[in-house]
């Protein structure tokens, strides 16, 4: 455990960039009220390496900084001698690692216990797609993953089995809470913010009476459009 | 697309004033929790010109500034060579443009997915006028607009058809969310803040039991008074 | 209207102190989320004078300062030539004035449209006393006042008739929202904060099932104790 | 009452450390929205002495500082001549003192009227354990304590009787609100934050339909694991 792993200068620069991004993105979980105390965690894959960066376990959000983020290999083992390696990584590290090992297209993973998303999870009920923002972002309902507890690969496996081939980047693990994935850590954080927002809106809507479904063709159209043209594209592609 | 459009000095000053106002007003959407991530948008008409200013697409609220607001003509086409024209405007630009073309009295448009207003929209249910602040501000119930998806003029047309001749400055587009209009951008933002506030209060009220309606004559009296005497008027007109 | 009213140096000092307190207390309405935009208002009686200080109408909470608070006599007429007298006072000034004229023991009045309290008001339903903090602060249920609209003394009269001889310092005016009174402006603001807090807690409690009443003798005991010994008393009176 | 009690330098250092911790921890109650106005209180036992430090009564959260925290003996009597002893301690001091006298393993006590936890208390209904975070933190349901009012030892006795031998560090005192305990003040504050979070999530979940219970064996496994390995442990104990 006292050996120090060394990387190429390019990999070191990539690690540092991910450390900075992952540390900063935890602030978005706080800003949107998705986490309390030390709960919740963000990780990001290091491009071009078999590595990811994740939050340390049980450390206050006020104290997170690039240098105390923790560098792990894709088995979730802390890289010996790396910055922050004197601390334990998030207790959800095994689940993040499982996702990175099994979903190569995923560059970021987020887990929270945000209130409304977790409420749907406590009933094991998927969130129906009744608002256009949800069709844009998730392309349909937010699915439920299996009940699984910490200690082996069952959480990671449940995430991967539920989200593989699914449009949604969010899964509500039963009785537990949301996990989200993305092309990078920022994209996974966006999904964590949006899943709580739609969980809250659809909960409130249904408390007041019957929901109007969105026709499947409209959901498909919104999802395809949003994935392709939203945001800043090369000039000329006015969305 | 590489031509640069030039305007009179007076129009340039008016454009700059609207850029500053529209950029700053986005902060009110954040302050009142009406938006998450990059969702939501404010636009303002440039007085005395066939132009309006709107938020760029998919840009963080932290990064909005007068110079990256986007200047469009009333067809929603970005003015070539204007500040910010290297970015795409909000994906809702066509709807804003449709409103400006068809409602000459409108000087500002706002769109959000604020939670409680969107919850009423997901049921396609207008908000009944049971609190005096709602009578003051909207003069009656908040109406529902048709289901319409992005891609043509159907959202803009739905807004205009619903709000033309209506007292309310807010419409809840079915399964989508609120659009508000005003005499200028600030007035439309106020309507966006107030529609969420009344959507929340009336939702909560109805969860607890039966609502007491306000007599129509009282609604009329409150609306007429508020439109005429509220706020800072010439001295002597004590409200 | 161009005459300037002059007061003794002592009264001027008292006016200035109330201006400062009333301006600052509006910040508490914002802090606790009781108001949006320019809604809500605080006033305070000037001790030893037939005067009170109130918020101007339609001015942003960011712009409130002691010198733009408005000085009124007990008929709600702005004192000519006083600081801020170029603006209109709150549109609720007549209701505040009515309270000061008819309840000499009242030194502060607050009005908001805070969401949960207004929700009870929209049903015309008093808030039952089922939590000890409510027994402490209000000594029983929060009563409903009559439906009354702006334009004459009917709001003020409704407040006075409901609260005279009542333990509660808060009344929920039907379809309108809470008005609170206190021995000074700070005490009335505390009541406004507490009435929203109990309105929210009791609403949530009842959504989940049947409430347990508190025996009347316990309510009486809590109220009497809290009025007499809570807070900082002379040393030795350990509460 | 004018005598000054003196302590060893070591005890004075321990007192000062607890004063600083207890003053700072009140900020967490504000941050998580658990308290309004001057409600709520945190106390911490002074290690190695028959003393604890608690918030003064009726003082604004903005004005709390180490030197105005109040030092009490285990009967809840203010230590004469100690810093802050010119003020009265929290009106809940007797309940805190009873806990310290009867539960020697407890190093911190917190009391709030946080909305969702108090809502369960107003129905006298324990919070069922349906989310894994609750199994981690509390090891099962959050119990209800007896109805008891201030004035004698009945609140303290109710807390001790309910929590002695119970996994939960939180009790919901009927019609009153949560009290939490911990190995130190920080741990008790964490429990206060978490109990409101689970009270809110489970309330929301149940409003939407039937909850899925967590099997007792899974609850036991989660609780045992969390108590032993979560957070920063000696290197090598990767959680």
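By written order: A, B, C and D. Residues from 1 in each chain.
To be clear about the criterion, a contact is a pair of C-beta atoms (placed from the backbone, for glycine too) under 8 Å apart; a residue touches a chain by one contact, two chains touch by 3 or more.
Please read these numbers as outputs of a predicted model, since none were measured by experiment.
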Would you mind working out whether chain A and chain D touch using mostly the same residue numbers, over half shared, or mostly different ones?
different
When chain C is superposed on chain D by its C-alpha atoms, the rotation angle in degrees, nearest 5:
90
Separation of mean Cα positions, chain D and chain A [Å, integer]:
32
Averaged over CA atoms, how far is the centre of chain A from the centre of chain C? Could you give it in whole Å?
46
Quick check: what residues of chain A touch more than one other chain, meaning two or more?
207
Pick one for the touching-chains graph, please: line, ring, star, complete, other.
ring
Pairs of chains found to touch, sorted by chain label:
A-B, A-D, B-C, C-D
Provide the residue numbers of chain A that touch chain B in the complex, in ascending order.
32, 130-133, 190, 193-194, 197, 200-202, 204-205, 207-212, 214, 218, 221-222, 225, 229-233, 235-239
Chain B touches which residues of chain C in the complex?
1, 36-39, 56-59, 77-78, 85-89, 91, 93, 113, 115-116, 118-125, 147, 149-151, 174-177, 203, 206-207
